[in-house]
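Please find the structures below.
Common to both upcoming complexes is chain A, partnered first by chain B, then by chain C.
Right after this comes the complex of A and B.
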């Protein structure tokens, strides 16, 4: 019974609409990740669920209970703040123990939980230190520890790993995932790291300018982005976008530019039928462009070659447009060389030129 | 010339401050200590003589001195503790947003800008046993009348009330500045951690604010310890010696009996007590912080 429901929440600060019509139903034990660019309203949404910010309109339910007007302490949530928000006058131990002391939890039990959390988070040696004597990453782990000792119904985490180095981040990611398996707490996790989003989420919520763009499981977000923004935001390196005109010829549907022409799968004909002759945007992920030395229909000039070990990134120019191509580690053409490309059209997308919504 | 300034700049810049401290602070203190070791008295015509610790021995054998120390501590303790509690309370109220907040802040400054002699006169009238407002107020509250300044037992509390009236606003303003400088995030964390309003105050605000409160207590403590103007204009140490604090005692020795040597020794004792007290508080703070 730890469902969280946000019913069409709106948050306006003087003049700015930070969050607009945020509607999200989260199942018990679900791990939701909210992603989006800086300033898109992720923290604001989380803070409204926590009760730290009063929504302008809409309602919030936690565990079936309406909590829209309740203070944070009546919501049974734990939160990891983006800026840590540690108690500066308490040492690490007391920071983590504070909520348990308030609840009147037995001293031994407090000690057990704090030490266990400190062990998991690798901060056991800092328990006596004050926050100002810790590095950013260490503080962040204390903030995480303060939340996990509580074993709450709902976890709210606002970029809890943003200040850790790459190795620690991977390690903490698995710790959080393990913790989620063990405690089974419903978790809402804000990040702008898409790897965190893809690896941890049951479902991802993509936001932009205060508006939810898409809610879906990671694979769906990746394979079937709702619009051009989602397509560009998820995936590294980002999807390539090519402005084209849709043309119907005898040999089927074609996307054409000045020198380039790509044939489309026949199955798409129906969904594109309204758009013949119009400008559209073709979206192809770097791994769905297959390079070959010669013989293909699309000739491109290699501008930069980036060998990454496990793969090679090629920055190429095709018909005046820059594209990124992900090739195997052994494929390393010379810079300036002309190669030919072919697109895996079954994994390509067509977006509306103006609105960016996905057509196919 | 320029090169001389360049080379000695670290001496030149503090020079004015050093001159000021030596002439206005160190010299008077040293002079007072020296006088306290002499028998300088306006009533004797013989030359001033060095008498060693004789004045101090006399001081420690004078029951009036110990009475004065006791009364000074009583007055200071009473006034400063009430000022601190009230001042913190007022600051917490003023820290919220409400209409007319700046007006209230302005009103609070008034007691501090009034001249002490005028305050003394006004409060003497207030405490007048038969026609004063003080007893009228007690009567309205259904309490028995007080003799206020005229009784041995009520004179110190009555004087402390005046000090509290005059100086609580200063404590409130210092604490208010401290409150404004507190970080905002720990409050949100405490709310999420489940703290209620009292617990937030007890476990977050108070500990974070304690350095500021301590500053206010030390400033007020030092000042209350040396209070002279209010007490002198209202009771001059009376009735009997019932409000003769250290400063009043020293004044009476010096300008009542013209025994400057003896008065100086009382002042040195006062200085030692103030200094000792302040150091004790600072030491307590440091050990408590660790």
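Right after this comes the complex of A and C.
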């Protein structure tokens, strides 16, 4: 069992709380992605699991063993760093063999494992080269190789793709996912890129200001965000937020702005019953706003049209509020034109105006 | 194109103009060391002559220069090695744990005029019966070598990516073994710079050796100084001795000049 448990970890740096009550149980073979903006504490959390940073309080267990006070070398982990951190004075082979040599593994076994990993990662022809003679993508493969040969309990990856160009990043993303399927090792992956999180993770951990906002599988994170932050962070282009007032009228529940009024599904009545007359925030994803030339209930003015080939993004202004609408590729209204919109309310969300927590 | 060539000539002319005052005395020393006393004092100076090895013979056989050469080597190598053994871990710790204040204190020891230490040292080493021992000389020469090595190496270590040590720690190293296996091999250029400069300081040092050494541990600069104090100045021998003392300095500097320049500017420019 290669479970990882982080039990209520806290990390303070000189009075500033970088990570607060980080509690996470990771199953064997699970691929966990920790995602969040810069400075949210995601890298610090990973470094505490690695033992490179000492937590202020809380405990860490790897494979059922408490490792809270153990140095990195006794945690049976392998780590891939953002800037690769390959040893510049060693060739690729020695970089990959370094940890095995330290463990005193038999030379033949080292050779077998290094060559096997090199084969998997397609770097067998570069074994004699120094890191500086390799491209960014090749270096990242070597860094992965160095992690694989260890056959560790857990892989830790700290933004491993962020130094690569966009195209290579997509390619390596797929390869890391394949590698995970092949090796089945428990992996904790830190990134600020929500697409990496969505495509690779079994479960995503969304962090902000040192606090976990939500832990769930990618689809749940997307469909049922725990709060406004998660809703805005995951999804591209981000969710639209509209400040409204909740009103109960004869015809049911309505969200109202100056000139805009949206009817809410009757099923939501119970959950919203405490908030009649209050300010709330309506959240609608761009693909859940349906444009129509005529007949929709909401009139909006088109400001910018961005044709992307497979789809068209419309930046529109509705009742003084900017919204992004994702439309089909054929729908390309003129800029300045007034169009009408309707919201798919079954996929919309309502957030608390003050705290941002999800109400519906 | 033609104008560029003219500029080149002008440039080389200027370089020559600056170089001559530096090279001339050196050339004169080397030439004089192969001349007889009479040839040396001839005016105008002789440029073409039959070289003689008499001076070198006098220096090594009559004056036992081999012994002084040995003394200087032991003290210079000894003080440099000890300074490296103490200074490298110290510099790494200062760099890694950002102990800049400590670094400044060490540099302060270097900035104090050396002569300020001489009297306390002399009293101390006399009481301990250590005057005219290698230990006393090596320790005194380390006063300059050690801060020098620490200061250069702190800058050098600052430039090494910290992740390399972290990667080594994850790979199974302790902090100490990561230092030995990763940090040190990557710092060879910096270490060469610092060692060369520390070695040259000790090799050329006159003041500390004058006070703390005597017959047993006399170093080259003191030996040459003693030449002059004899009744007659044997210029040929002095010049031959000067060549012996200059040679290692020139060879070392030439061999490591690339690193020395790089090391001295380490940390000055990012990247």
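Quick note on the criterion: the second predicted complex is superposed on the first by the 329 of 360 C-alpha atoms of A that agree within 3 Å, B and C clash if a C-alpha of one lies under 4 Å from a C-alpha of the other, contacts with A are read in each partner's own complex, and residues count from 1 in each chain.
The rule is short, and it goes like this: a residue touches a chain if its C-beta (ideal position, glycine included) is under 8 Å from a C-beta of that chain, and two chains touch if they have at least 3 such contacts.
It should be emphasised that the depicted structure is a prediction, and the values quoted were computed from it without experimental measurement.
Annotation: superposed three-chain arrangement on chain A; chain B versus chain C shows a clash. After overlaying the two complexes on the shared chain, residue contacts for A:99 are found with chain B and with chain C alike. When the two structures are aligned on the shared chain, A:64 is found in touch with neither chain B nor chain C.
In the superposition on chain A, contact of A:336 is made with neither chain B nor chain C.
Legend: residue contacts after superposition of the two complexes on their common chain; A:15 is shown touching neither chain B nor chain C. Overlaid on A, the two complexes show chain B and chain C touching the same residues of chain A, namely 50-52, 71-73, 77-79, 81, 83, 85-89, 98-99, 102-103, 146, 150. Of all the residues in chain A, the ones that touch chain C in their complex are 50-52, 71-73, 77-79, 81-83, 85-89, 98-99, 102-103, 146, 150. Contact residues of chain C toward chain A in the complex are 161, 163-164, 166-174, 177, 182, 185-186.
Considering their complex, residues 183, 185-186, 188-196, 199, 203-204, 207-208 of chain B touch chain A. Within the complex formed with chain B, the residues of chain A that make contact are 50-52, 71-73, 77-79, 81, 83-89, 98-99, 102-103, 146, 150.
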